[in-house]
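Consider the two complexes below, in which chain A is the common component and chain B and chain C are the respective partners.
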Partner chain A sequence: MGTDPQQAAGKPAAKRQFRIWRGDETGGDLQDYTVEVNEGEVVLDVIHRLQATEAPDLACRWNCKAGKCGSCSMEINGKPRLGCMTRMSTFEEAETVTVTPLRTFPVIRDLVTDVSFNYEKARETPAFAPPADVAPGDYRMQQIDVERSQEFRKCIECFLCQNVCHVIRDHDENKPAFSGPRFFIRASELDMHPLDTRTDRKEYAQSEMGLGFCNITKCCTEVCPEHIKITDNGIIPMKERVVDRRYDPLVWLGNKIFRRGQVPQTSATSGHSSGAVTSGAAHGGVHSHAGGSHDSGAERQAQQGVNWQREVPHPTAPAVDSSGKLPLTELTFDRAAAPSPFGDDVEFPLPAEHLNFAHPQQDEPKH
Partner chain B sequence: MTETRIERHHYDVVVIGAGGAGLRAAIEARLAGKKTAIISKSLFGKAHTVMAEGGAAAAMGNVNSRDNWQVHFRDTMRGGKFLNNFRMAELHAKESPQRIWELETYGALFDRTKDGKISQRNFGGHEYPRLAHVGDRTGLELIRTLQQKIVSLQQEDKREFGSYDARIRVFSETTITELLLDGDRVAGAFGYYRESGEFILFEAPAVVLATGGVGRSYKVTSNSWEYTGDGHALALRAGATLINMEFLQFHPTGMVWPPSVKGILVTESVRGDGGVLKNSDGKRFMFDYVPDVFRKQYAETEEEADRWYTDPDNNRRPPELLPRDEVARAINSEVKAGRGTPAGGVYLDIASRRSAEEIRRRLPSMYHQFKELADVDITKEPMEVGPTCHYVMGGVEVDPDTGAAAGTVRGLFAAGEVSGGMHGSNRLGGNSLSDLLVFGKRAGGHAATYADQLGARPAVSVAAVEAAVETALAPLQRDTGESPYQLQQDLQVVMGDLVGIIRREGELADALGRLAELRERVAKVSAVGGRRYNPGWHLALDLRNMLVVSECTAKAALERQESRGGHTREDYPAMDPAWRRVNLVCALDGDAVRLTHKPLPTMRPELIGLFDRAELSKYLTDEELAEFDALTEEER
Partner chain C sequence: MRARAAIAAKTLRTDRWWLAPLITVVGLSAWVIYATVRVFMHDFYWVADYHYLTPFYSPCVTERCVEGASHFGSFLPGWWIIPDAALTLPFLLLFRLTCYYYRKAYYRSFWLSPPACAVPDGHDSYSGETRFPLLGQNLHRYFFYAAAIISLINTWDAIYAFHSPEGFGFGLGNVILLVNVVMLWAYTISCHSCRHIIGGRLKHFSKHPVRYKAWTAVSWLNVRHMQLAWITLGTLAFTDFYVMAIAANWFNDLRFIN
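Take a look at the complex of A and B:
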């Protein structure tokens, strides 16, 4: 593939077939256009040509036309892409190019969608917390330490990752509880920021942003025009660290030895969650090893389908002391008999939403 | 007219524009406790600032400790060919380090030096490595950082008042078409939501213009559709004045192949990091184009130039790093002499000079951009580049300290590209990002102070709002008329061909005639479709702004009979010290652009004393030199 300038130069413009979705929130359909395409052009050029000729009111966002602003997100032949980064030479000459608006967000008109969801989620993501005792100009960081966050700061907010994410793509009902890949990497970026003073970024992502919904299908990484490794470098490390902390034997043991509530709460269940999710019940209540998310609201949302996002607890080896024995005996333990193999804070029956079981009838249409 | 719904809002400060300058101004106004609105023509965070690649110039001295504000000031004045407003250049040089450091407290992550400070890179026209940068996406970092700072302020307000929008609100995809006055005072701003086409009225005593530039009036431009000179035109119509409108910067190295990306910039860092310009004969031609004023600072041989990259203290700079206008002119000359590429540019070669790995590491987004957009691998083959319209030095004439617009209007402020004076006749690369921060903060702060000091709030008159509604709806109500797209194309042809990089008297006069014809046609522009997200209608409304600003540029370009910085007259190829003392000021007289001469403010003794006499003698008149001699005499 690829454009070879020498070979291409001087080639006359060809007519190509386009199907573009026209309409608004009341409905619309695909309309056919036959339009001139010159060598070296991208889909956005063709849309501009249509605006200048047949369809002056064809609505489409764009700004930089250089893949730097992330405005011209659209779905081209069903694939979420930037119009300015999709070269016409990637299609067969006889191929009809179908352009539709982003599916996950409500249509305003033609190719323009209401992406305010993303700006709401941005507001709900806690901002950078600067160190109080470092004056401007005195920030010292090593390149190697800032690079990890810098990868995520390459994000141009095209929201293609949000658009493609199946958690919300066809599940509007998940939107209140789910911030989406763009904001997971924002959380991850701040988590890795050498001077950010907030220590609960991962827990917050888990409990308030719906990180647990993500089941790592990597669709977001695939569509990212900046090639940010959203899943591998952002989401998975966050999940792993959440898991580390939650299943750290020492933390676990601490929870056994101290009564719950006496343990200093480091987790983000601190309660000033702002968004759609209220978390009251989740805070003091069940702290189940078998549970996916701390958040009852999120889980209520997820109940309608199988909760594939739940985390299956890793088997954990018992914490042993220097003599290789468990550091507790029947005398120091807070109850009689052996601890439950399921984790002794698990009560039966398990809440239904924590099960991997799919009811045979659950696939019946919900909407 | 049937009744029209208009959404009304009351604010203390309305900032028009959501790029670097606008966001920084809004942050300052909000920190001063003012209820602030940000009007963004696009979505929040998409502003043209994201396109800035190289970095933000600030004399922090992190890489070379000999750098300080005086050196930065000197470089800026030199770059602007001494036509800069000296006070702005001084404030800019003094305050930009503070503004950059501040960004770190907002969460910005610049590239670092070995000792953990902000790294600084070399750039055309800057004596020392001075540009704070993040790879080659510094503009994105800046806009995202400011955007996130605004979000964090909104989170504070949410905690305090229960609403994110309590004290600072972003109106995205909203265009302002009219400023409303009460006598000579700003009373508000009128516009429409692009999404719905519904009208919106802001009542506010103070307005900050931060709308950026005018590049969409040119055929080959790096600017996005937003750059239609809205702020310039709003200011003119409100009674403010524009200066230096003849000075447009053509970035020397925009992509010329493939055609779809014509105009997109190739950052100067490609040259700073070792890239060289070659013509179709394979000759590194920049050595032939070093002007006398720069002869001392630039290398004469390829060997010396190549040594400079590793040993800048003992060698002179490669001529590829001359100021932008010189490089643009040189490329233009090569192409005109028939030594250009098939696509009408020259070659920018870094592939044969640096390892593929190093190129990918130092110029990641440049590599990425070429690979994705053009399927060109810059680590393997040279790029094809040529001059592209990039930046307008001219803009709203402002008070250097406060950013308050000159002219007859009060309560109007301007910052960033829409303001004029700071960069003189030519802007140095990297100075615009720091300009945004320094003067954005100043304009926002002083707009807040102005709103505070005001006794009674100016009132918006009903008649003015009705007139604004009528003007806005007019294109939709004409069913037969000119297509806005055709008009824009015709305007771009006039400006590109006749008021472009090299100008001639006859062509400029011709351009004015054609602009007058276009004005008649623009008055009859019609847009099909409804009010809901209708780009044809939006363009129809932007056209009159583009037109009036183009008239200012053409008039001033015809008037200034010399070549200086971003204004090159083939019929007056030399710089003329007498013209250095003159700013050309545009004002609106009814509908017509009126041009007047205004003397430049005189530099304070301690500032002019930073230059040596030999250098000044290239710029100053004999009379001014005599004054300078008298000054130095006094000091002795």
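Take a look at the complex of A and C:
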């Protein structure tokens, strides 16, 4: 921004009309701005120019300016978009560009909203559950098996899909019962994952995440900046998997004849109704990041190279809030800075002697 | 609990978001009206010379049916309220009604829930497909099985129609019937339920290479499910109209052989 705009761009800078929602939870309105726009700029650039000139107190969340961090989600001319990925050249010269905060979430100030809803839903979604007898580091899977899950890993958590979904956008009362498209693809990702061992994800998606609320009108897919086929590859396959379990007579008959797919009773099928689940990573007394082991055999092995099973003592528990969980944001916690999920006595980078990898010559003197 | 941003306008979209739902309403309504008129016309569905049978009357199972059109017998009474293809039409209707594409289309355009993305829902409350009757959308797979069987019957109709009073025959009507059947198969196979049954339900593609190939092919078609949904509406109506026109002698079939 320091360079002369006339020099930086091919065309001279033009003045363009903007309407930006200013306010907070007590109220607000659309305010008009006339601002300079240069060739090649995006909406976020213009917002930065406004902050640098006539509206220094305009609040906006942003980070990477490359469509990869998912911070600058906003609604531009009524459409949920990333500010950094919406080119000014897509608008007419005389067009007024209206920028508002995400509608579905509570506003903090101006264009910044409180997206805690999504972090709460993330916490309720059961985690990856690898087989108990395979140590981390020994996971092996084929590319074609894990490909479908990988599409969903492109998600940058901009929450545009959560924002556009009419189930909660237009009906706030559905929020407790509905996790939203971002977490449906999380459920699909794990249900399709070759190494995930949980068998109750389908029941869980239907009974606890509110998969049935979705009426597949595909707005989540339309707004996804990563072009993930949320509906076709995530939600519909998940709905079909639920049908497998609940409604399909041929699958039922096949399972009877070939005695496959015996479903164990799970928390989701046994009628419990709490939204939250306990973490899938109940590893007992092992923590792989810090300290020395009490097992001399594992300790010797660790000295020879990698040993993922090396037992190490627990670090102190992470600082949690009144609900017994890590606070979602700094805003809702009583301490400065985010608490460490690893425990406050664990430092990064980890001390070399506490790693599960030992270099064969680590004890020899350095040059 | 914090409040949402107080934005007065219901939607700030400036593009013509109402155009797509409008086209859907016009297109689907026109088709349903045409189909309803034809189904209760009880006439002009069979061309005896060339064995052309319109898909709207296949297979013809009421007492009213002419000989030749009813390969499965005519065992239902001939009341005007009973469609002549009473065994197949309800399943085809339900197959399309529960189709994941049509659901999107009519939820948006007829039910306004929502009419377009980031445009408010037209209703005060919303429970989606969590309870009766919309819970029934989960039956899509049954109707897919039925539609696959009906596609076999339509295929037989198209083959049976290579006929003329002299024996074998081939005309423009055959081309139309064939194109219709190919498109019907493409629409049926591209169904999301089919994609799931063929391979989508597997956890390990590497253990099922043949099903993985089949799944890949169905996925390729599945991307085009919307286009195929509209194309088949077009080919069905056009095929029916052509057979009606030939049966009613509005014009003659263009014959290539006999």
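Convention: the second predicted complex is superposed on the first by the 243 of 367 C-alpha atoms of A that agree within 3 Å, B and C clash if a C-alpha of one lies under 4 Å from a C-alpha of the other, contacts with A are read in each partner's own complex, and residues count from 1 in each chain.
Convention: contacts are C-beta pairs under 8 Å (C-beta built on N, C-alpha and C of every residue); 3 or more make two chains touch, one makes a residue touch a chain.
All values reported here derive from a predicted model rather than from experimental measurement.
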Consider chain A as the common anchor and indicate whether chain B and chain C clash or fit when overlaid. fit
Please indicate which partner A:Phe213 is in contact with in the superposed arrangement: first for chain B, second for chain C, both, or neither. second
Does chain B (first) or chain C (second) touch A:Ile228, or do both, or does neither? neither
Between chain B and chain C, whom does A:Ile20 touch in the aligned arrangement: first, second, both, or neither? neither
Based on the superposed arrangement, let me know which partner A:Glu157 touches: chain B (first), chain C (second), both, or neither? first
Report for A:Gln142: first if it touches chain B alone, second if chain C alone, otherwise both or neither. both
Kindly classify A:Val115 by the partners it touches after superposition: chain B alone (first), chain C alone (second), both, or neither? first
In the superposed arrangement, does A:Leu50 touch chain B (first), chain C (second), both or neither? neither
Is A:Pro106 touching the first partner chain B, the second partner chain C, both, or neither of them? second
Looking at the overlay, does A:Gly40 come into contact with chain B only (first), chain C only (second), both, or neither? first
Shortest CA-CA distance in Å separating chain B from chain C in the superposed model: 11
Chain A residues contacted in one complex by chain B, in the other by chain C: 108, 114, 142, 193
Which stretch or stretches of chain A touch chain C in the complex? 21, 23, 25-30, 75, 77-80, 95, 98, 100-101, 103-108, 113-114, 142, 144-145, 147, 164, 166-167, 169-174, 192-194, 210, 212-219, 222-223, 232, 236-237, 239-244, 246-250
Considering only the defined contacts, which chain B positions touch chain A in the complex? 42-48, 50-51, 60, 97-98, 101-102, 104-107, 109-112, 115-117, 119, 134-135, 137, 140-141, 144, 148-149, 151-152, 154-155, 158-159, 164, 172, 195, 224-226, 257-261, 264, 342-343, 365, 368-369, 372-375, 483-486, 489, 527-530, 532-537
Interface residues, chain C side, partner chain A - complex: 1-9, 11-15, 100, 103-104, 107-108, 113-114, 117-118, 120-121, 125-130, 134-135, 138-142, 145, 192-193, 196, 200-201, 203-206, 212, 222-223
What does chain A use to touch chain B in their complex? 1-3, 5, 8-9, 24, 38-42, 45, 51-52, 56-71, 84-85, 87, 89, 108-110, 112, 114-115, 119, 122-123, 126-128, 130, 136-137, 139-143, 146, 149-150, 153-157, 190, 193, 196, 225-227, 272, 274
